[in-house]
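Both complexes below contain subunit A, partnered by subunit B and then by subunit C.
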Partner chain A sequence: MSTPLLRIEGLGHVYGARRGLFGTSPAFRALTGIDISIARGESFGLVGESGSGKTTLTRNILGLERPSEGHVLFDGHPVIDLGRGGERRLRRRMQIVFQDPQASLDPRMTIHDTIAEALVVHGPDLGIARKRYTRRVLDLLEQVGLGREHLYRHPHEFSGGQRQRINIARALAVEPELLILDEPTSALDVSVQADILNLLQRLQKELGLTYFFISHDLGVIRYTCDRVAVIERGRIVEQGPVAEIFDNPSQDYTRKLMDAIPDPDPDVSPLRRLG
Partner chain B sequence: MALLDISDLHLSMRSFEGETPILKGIDLTVERGQIWGLVGETGSGKSLTGLTISRLLPSTTAHYTGGQVLFDGKDVLRASDRDMRALRGGRIGMIFQDPTTNLNPSFRIGTQMVDAALHAARDKPEILGLTGRESRRARRRTAWQASVALLESFGLHDAEDRMPRFPHEFSGGMRQRVLIAMAMIGQPDLLIADEPTTALDVSVQSQILRLIHRLVEERNIGVMFITHNLGVVAQLCSHVAVMYRGRIVERGPVSKVLKAPEHIYTRALMGAIPTARARMDTLRGIDGPLRDRIEAEIAATAKEVTA
Partner chain C sequence: MSQTDMSLPRADLARSARAEARARAIYRFRQSLLSVIGLAIAVFLITMALLAPWLLPYPGDVVGAVNPAAAFQPPSAAHWFGTNSVGQDILTLVIYGSRISLLSGVTVILLALIIGGTLGVIAGWVGGWIDEVIMRITDLLLTIPSLILAMAVAAALGTGIWNMIIAITITWWPTYARLVRAEVAAKKQEQFVIASRVLGVGPMRLIGRHVLPNIVTPVVVKASLDVGFAILLVASLGFVGIGVKPPTPEWGTMLAEARNYMPQYWWTAIFPGTAIFLAVLAFNLLGDGLRDVLDPRTRR
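Up next is the complex of A and B:
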């Protein structure tokens, strides 16, 4: 069997007791015994409520936090203690798209500069010459469904969906292998969300990307992912193929989450049945 | 007489570039015991319709160019500021999307609850069982007790102990319960809920929806529930109005509109929702050509009406 692209083994994270301005905060255990293995080209979903540890897990994957226990291996290598050059090379191979498309773009930079900035940092590693940057940015914009006319505009001239396309283009600029999608559509209208989800599916097929997709919307996970893990209070309570987990959840917690999704069919709404 | 009767409401917003029409002839009637879902995309005008009912839009920019909003037979667009202050929090309760920004971080929950209760009691002292002749202290004590009782009944346990705490010590779901309690303590006849569950987890969302459902059953109030989530509408609402660019394009009982949507836009919205049953590549966003067809259909209906 080939090496999984991302392998998380026995990961635990404890936020240490800290003495701050307003007294001491006690140690807090955010993650316990997380085991996840994601193969190349797979789309892996992570579902959980606020405070369940989704963000801490993401930060550990990106090497932004040092795990208290266990480790995170990207393509067989740990993601921490790499030195500056190693860190930069790793960052190129995994990219992230955040929830709020507005907050993740600099309002004073044109779209060209925003995307080209990633190339300035990683261009040498990718072997792209400086004079080719604009051409590359244009290709990327086309890939996400935007065009030449958008090149020198600023973020405020775009709608939420278009901004998220720009964020995706920027993440793709450095030809990553793993794309972490942290609630990429929860700030968008459903009509726009559908377009972005379809775009992500197309890009995955074309570029052979691996997705780590975080969402609290189980419908979105089911639509996008092959496998899913359900996280509750820092523990994975259940993981497996999407169809299996969704049609046949073995854990009460998963079932509770599923029941809580409001179904747009008025005949199958639990509340109406109760009422 | 209907509780709320909006007819042919037109609203324009002034800016440096001139006046932009926002609402283009809204007609909507809400009766007691009905929960109306107002759905639509960003910018369709659903929130502005909600804000209009309690006239919360700044008069410097918002310009009503036609129509009327009758609340219990009285036109709120022409009511005095004093009457409006009595209506807000008294007969019309409102809750909003973000429970954090709607609570003042530097005052205790109890203080904010009591203030809301006493504001409502100024015109309706009977809601707290007051006669209007008690001392300030006695009034506050009564308002405190009423607040505790209401919070407890809304599923906030140990409300007595929580009242002296600050908003940051509450979770999102708890804050939203506090805000619903603040909206309901004046025993309003109409509740306007503007995306009250969008910022919450699904499990907390279903608790809040149950609470609103219960309020309608127990107190026979009317609710206008603004959301972009058709799933929430299907669960909670009795009726739904679908808005598109300042117009209501389709309306009716939930069982009819969501089961057999007639308007092309409603169908497009339904087709974009990833449900537990949707499979790969089956979702369809609303792209340019589809928008053109929606616009064309709306223009055709508008012509029919004027002809």
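Up next is the complex of A and C:
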């Protein structure tokens, strides 16, 4: 097999102890011994409750935090200490879509300016002339199902689903290889969630993207991913092909998460069982 | 790619969106009667200050002309606001005093904004020990009452309008450093700033394009409120005798002098006092109005 696109080896992260006026707050261990390997073109899911270390893991992958132990390798190269030019090259290849579509858009910028910013930073590398930025932004908007009438609007004029489409368009502007999806649908209405998931699947097929899909919703993972890892309190407790894990979970924790999936049949709903 | 760029919606769409936003802002501002009154008074005072040389009924009085024979005349057709202890026309002094008060009030806030804003951005963005050093100096200055500190600085530098402006600025920039630092530190953690960072945007553009535009609202609101308070502090320094020296007319100084002749010569105090009151009130109402217009949380 060729080099995995993203390889995480023995990653550990400890938030340092802080010495304050009223004593020392103890060090907090957020991640322990994470080993993940994601092949090009695959959809890899990460499942865990809030507080299980998903956000810290994302920040380490993006090179926003320095790991306490282990490495994050993107296409065989570390993601930190790259220098200005190296960092820019990495940013082009790896992008993220955050959970909260509203918070991830600058409220004072038009959609055009928000997406065009990616081109301003990477324009020369992408081979797009300044004159063609607007054209390219428009193409990106069309790719995610928005139109030219949205070009000069501000984020507050859009619905949650539209905003998430804009975030996806911005992430795609640099033509990345790996897209990290940090709970991209959990802030959206159920009906809109399906639209976004379908959009993401279509884009993956069209653009040959690799997805690192983070969610606490096993239903979403089952729908989108090939392989899945389950994270509990900073450790990977189970990892494997989606079908295998779902049909035959080996860990109590995984089973617990699966029990939390709401069943469309009201007679087997956990709420009913409580009553 | 057969389509040409001619077909693109460009400036016209952008312009209409901006025009619409501006129209909405003006509408919101006009909805509030008090802020319109504040704006009207502020515009009136600023116009008066700019046109002062042509408005003065007795121009000689502002450069120290005295006329003891006409001392303490009550308000009349010749002297609308009456005359003071040396026979100077109080209307003349009040009009000319607006120049001193507004000039120093606005200058103080602009300087405080530049100094405090710059230090605040550095502290909030860089963090670490640089943040600690800047903010501890800021805290130190904030523990000293501003009037006392301004008095000490003015006493050390000597009197005069520029020394007074420097003195008040020294007491005032820390409030901006604190506000801007808190806003920048908060915005730095916002998801849209992180998203741009992940996109590869450099620190200068992050600050200039994403952070600063999003903290303008609280800063502008505070600045317009503060102009009123700065005018009050200028008058206070004049009142205790460390501000602008006679013969240059200044509202606080006039008030201090008038104190000796109360209550029988009430007009010597009431008119400069009213001028101070109006100026402070105007900038406060204006600041409140701007908050209503600019604060996105009150937007519908």
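What we mean here is this: the second predicted complex is superposed on the first by the 265 of 275 C-alpha atoms of A that agree within 3 Å, B and C clash if a C-alpha of one lies under 4 Å from a C-alpha of the other, contacts with A are read in each partner's own complex, and residues count from 1 in each chain.
Rule of thumb we're sticking to: contacts are C-beta pairs under 8 Å (C-beta built on N, C-alpha and C of every residue); 3 or more make two chains touch, one makes a residue touch a chain.
All values reported here derive from a predicted model rather than from experimental measurement.
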| item | value |
| --- | --- |
| Contacts of A:R40 with subunit B and subunit C, given as first, second, both or neither | neither |
| Which superposed partner A:L105 touches (first subunit B, second subunit C, both, neither) | second |
| First, second, both or neither for A:H71, with subunit B first and subunit C second | neither |
| Subunit B versus subunit C as contact partner of A:R233, first or second or both or neither | neither |
| First (subunit B), second (subunit C), both or neither touched by A:L151 | second |
| Shared contact residues on subunit A - subunit B and subunit C | none |
| Contacting residues of subunit C [partner subunit A, same complex] | 1, 3, 5, 8-10, 13-14, 17, 190-192, 194-202, 209-210, 213-214, 296, 299 |
| Parts of subunit A lying in touch with subunit C, wherever the complex brings them together | 62, 64, 84, 87-88, 91-92, 95-96, 98, 100, 103-110, 112, 117-118, 121-122, 131-132, 134-135, 138, 148-149, 151-154, 156, 167, 170, 174 |
| Touch list for subunit B against partner subunit A, complex | 41-42, 172, 201-206, 209-210, 213, 217, 228-236, 254-255, 258-259, 268-276, 278-281, 283-287 |
| Contact footprint of subunit B on subunit A as seen in their complex | 49-50, 160, 189-198, 201, 216-220, 222-223, 246, 256-267, 269-272, 274-275 |
